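In what comes next, chain A is part of two complexes: it sits with chain B in the first one and with chain C in the second one.
On to the complex of A and B.
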């Protein structure tokens, strides 16, 4: 594509130095760490996943020349900077508790029973600083310790389970596993059930729609097209629920 | 931060915002839809496709990128593999560890197969899949004003009536039960205080039936079912894609050859039954489009199933998601969830004018964006020469109140904020991006894979790899649903099948040998090999000097 060539030309105008595990490469300014490593010649097996910030496969730590701070971020969502020393951490060794979600309770001791190490939290906040999602990790560990399932679930909801928190934690907590358990307990036991869902599932079990669906399956394209084009579309704004059969 | 030129256009968008809030453009009628599709949708370019020369769907028209992999030689010679030494012996082999594969494993377990007799083999990590990235939601007709019948009509009309009716029926009739299952597993769906599911419209829906978990819906579902699979003790082999199916003397599928990406050795898996759940093909970059898809979305499962006799269907149509990121450059092609439009974000051109209803079916919406940029020249041009249209996100907070974007579109907000764009106050620039494989390996209502001569024994498929559910165009929220519904059906039926089936005595790769013969007969040169396994994004100047010596 001509457009792409032009784009590359433009990018090549300014290069930055990055150090992949200490080894220097010159890459175009403006690339993400992930694309920069590919530019340098790396072909990922580990360390790349969704490439869009959802899967946590590309956890990366880096330090910039002359700075004391050790940064943690996702390679697919972070732009390279001149003098960046980086290494990927594509796997985190961390034990997950196993449980039968139907047999455990959402009480204030469950989390600490399954993950007693949360009691070792020294509130140093390193986990929070390491989180590429900018979650309040330490706060949710503290709520987990207090047995506040709702807060733990809500504060941790955007967690992509990259493991960077667990890698940095001096108390050796596997935060993201704790959070997973909290969310499941909250979702299962503490959030209110959807009654309309239960009702519909029962209707389907009682074969309420079987005949109508059967008819639909037999319709020819012309009939379906007519029906499709004549659909009434539920308006955007909230209104009184319609009667069945509408 | 937008460059100055783009900021000028933003001023125009701001100037019309109040007015636009009051009124949406009319939805198109059928004729208008057809017109814009034929002229502007990438699927309607005949030069981008060709007929397949060999195999069960010989003569079908597919994109060149697909045909290139179908008309390609295996990665190894069949006689290089020693099938007499079995590395893994299992009841059920599931190829693919995404939403469909994981759900299949759980339902096989629920139907009485022991966890140690189920093996998930996956190319990357367990959960590395497009499922994880699905943001917007999952459809299910579970409200009073809705029904599976209405859902059915939306699906089949959206799919241009090309869908297989029995598959659509399975999709819509199983949907509520899937959501219920999720609720019981602890998926945190967005709910009102009384427990009612918060549901919104998606493109092409006639009822608000899109369930979501913020804009991390797929991630939340995937995390929970993976956690459950781990609790149950399902075995998972990571970084071990299947590179060929194995058959037995009775022509049943009897397992697969896996390839350990890290040690480069192969494994022979013997299985009573095999479920294909390998996902789609976004990383083939059809027609050079950027993609929203996962790194591993390279069509592998369909390639190996085709060699085993599977038919393909609806592969002539490709889904381009209307709203891929067009700026900034670092994230071009990534998904901007349809939920942004579902919540009131409007597509607007460079002059701040509306030009299409925000919630037309995806193909129509995408074609309209392309027309606006290349037909009417009303797109916004970025510094790298990319064109796009605005998606006016600040409207969302005007409609639903301050804080809505952070609360309900947290992933989107975060993604743009990383590049100094605040979508609460500034619109975002979008252009269609390659999103979904509408078609795939043909299955029946029991998720069994079909050949020209009926069912291929011992082989099931679920999720994006299979075709027929969505016809020529999938609606938002039906892909997550597809992975879950057909994963469940495949898991249950594979479980039943495995209970009755005996272990295959003699394994063979005869189908691969015959396929090679067919390739040779069709005079296809041995220059291409498949499956692809991973895309290669290394720089040209590196590749040109790469030598394979270790």
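On to the complex of A and C.
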């Protein structure tokens, strides 16, 4: 492309106004909040991790001009809009209970005993509205309160611990810590055991694969590469694979 | 063959369990579901429900504490129900009062509806009921289901939450008699019990135990003096106070001998001969 064209294209690029902590910046349309902030000259030291919507490090709150809604989202996943007022919340102070998961029981009261503040929930639903993962946060806190470990674990499964729910909750609950304890207890004590996994672990313990691995360790990189390329690949399943017990 | 009336009218009713029936008062829920099914009433648990906020929430004017009640009623309506049944006296009172507010306090509802902008506006159209209110309707079914007549004397304890404020009362608020009719229908004797609507002290058990111990003493003694073999209730907190505080009463009054406390559904299960079934 000729130089002139490129310049023209740049000129045509639509810019939007955003306000970072109150200061106005003009940034190209279509950028994520994260990229827009970098474009404006900010450098991320904290508050960014995967840049792909998985780690929960990039919590952001914003309001749009003329709207009363305070929105919460992930900076790496949300596109800037004209007239957006935003700030980053790289960290949410929230106390995590200390426990040894091997020593505690999974009963009706475990969650409320470790996190008594869940009884303060007034069902305002603010947490659900804040969640960038679109989880039913209020519902998982409510099921935690009534000791329903399974439901709490299932409803919170996609939580990325961004902390936005906890930042907004009038009852000062640290939702994601409660949910994490529920998932740990559910996984350890209540979920049906995966038999195939146990079988394989036992095979490993009985050194069934040691010889094979030992041989591999002695090969050079070229041989390994060849082996890798010639490995058996399981055919990809067309539909959702059926799990046992479904 | 079942008598015709049992085969007759079956009904389904939306059921709000409340947190306590899923934790401390599982016996209450289990027996209730079982005995009401036997008299043709099936409880359909709401898909989604939230802690009612308990009467504690009624002790303040802060509307934030009324959200839970209204949200539960919205869920019931959304799932297509016009009536919502709940067993726990506390949940009953809280939800019933929430609906009362929805019908009568326009200003409060405007605020609540505006705050819950993700929900449809609520109009107060879901009727909150207590299963004791179905007893008269199912009187003959109950009689016909009795396998082991009770042959004991019971004190029917209502406490306050089924009766106060009077707008939410399930019966005559000064002199209720539904539970007495239930006892008699199952071959028991309902004793005269002047303290049947005396408050047990409720959640004061957490902050002023002495008051609750004293009340337990008065209430249980009154039942005992009038010849009761046991007390029945529909409130997990009354049940807890009246049962557990008896131990404390004994420490103060050494001649006090106490009485067992049951949920009304437990004596129904007993009379129907299904007490320990499937547990």
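Going forward, the second predicted complex is superposed on the first by the 195 of 246 C-alpha atoms of A that agree within 3 Å, B and C clash if a C-alpha of one lies under 4 Å from a C-alpha of the other, contacts with A are read in each partner's own complex, and residues count from 1 in each chain.
Following the convention adopted for this analysis, contacts are C-beta pairs under 8 Å (C-beta built on N, C-alpha and C of every residue); 3 or more make two chains touch, one makes a residue touch a chain.
Values in this document were obtained by computation on a predicted structure and should not be read as measured data.
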Thinking of the overlay built on chain A, is A:186 touched by chain B (first), by chain C (second), by both, or by neither?
first
One more residue to check, A:206. First (chain B), second (chain C), both or neither?
neither
Is A:122 contacted by the first partner chain B, the second partner chain C, both or neither?
second
Comparing chain B against chain C, which has contacts with more of the residues in chain A?
B
Touching A:145 in the superposition: chain B (first), chain C (second), both, neither?
second
Could you look at A:103 and tell me whether it touches chain B, chain C, both or neither (first, second, both, neither)?
neither
Using the superposition on chain A described above, determine whether A:23 touches chain B (first), chain C (second), both, or neither.
neither
Touching chain B and also chain C: which chain A residues?
none
Under the touch definition given earlier, write down the residues of chain C that touch chain A in their complex.
19, 22-24, 48-51, 53, 57, 64-65, 67-68, 71, 115-116, 118
Residues of chain B touching chain A in the complex
29-30, 124-125, 127-128, 130, 132-133, 140-145, 147-150, 152-154, 156-157, 161, 165-166, 168-169, 172-173, 176-177, 179-180, 183-189, 191, 193-197, 201, 206-208, 213-214, 216, 218-220, 223-224, 227-228, 230-231, 233, 239, 261-262, 288, 292, 294-295, 329-331, 334-335, 344, 384-386, 410-411, 414-415, 418-419, 534, 536-539, 542, 546
For chain A, which residues count as touching chain C in their complex?
108-109, 119, 121-125, 129, 138-139, 142, 145-148, 170
Where on chain A does chain B make contact in their complex?
1, 3-4, 6-7, 10, 30-32, 35, 38-46, 48-55, 57, 77-79, 96, 98-101, 133-134, 153, 157-158, 160-161, 180, 183-189, 191-198, 200-201, 204, 209, 212-213, 216-218, 221, 224-225, 227-229, 231-234, 236, 241-244, 246
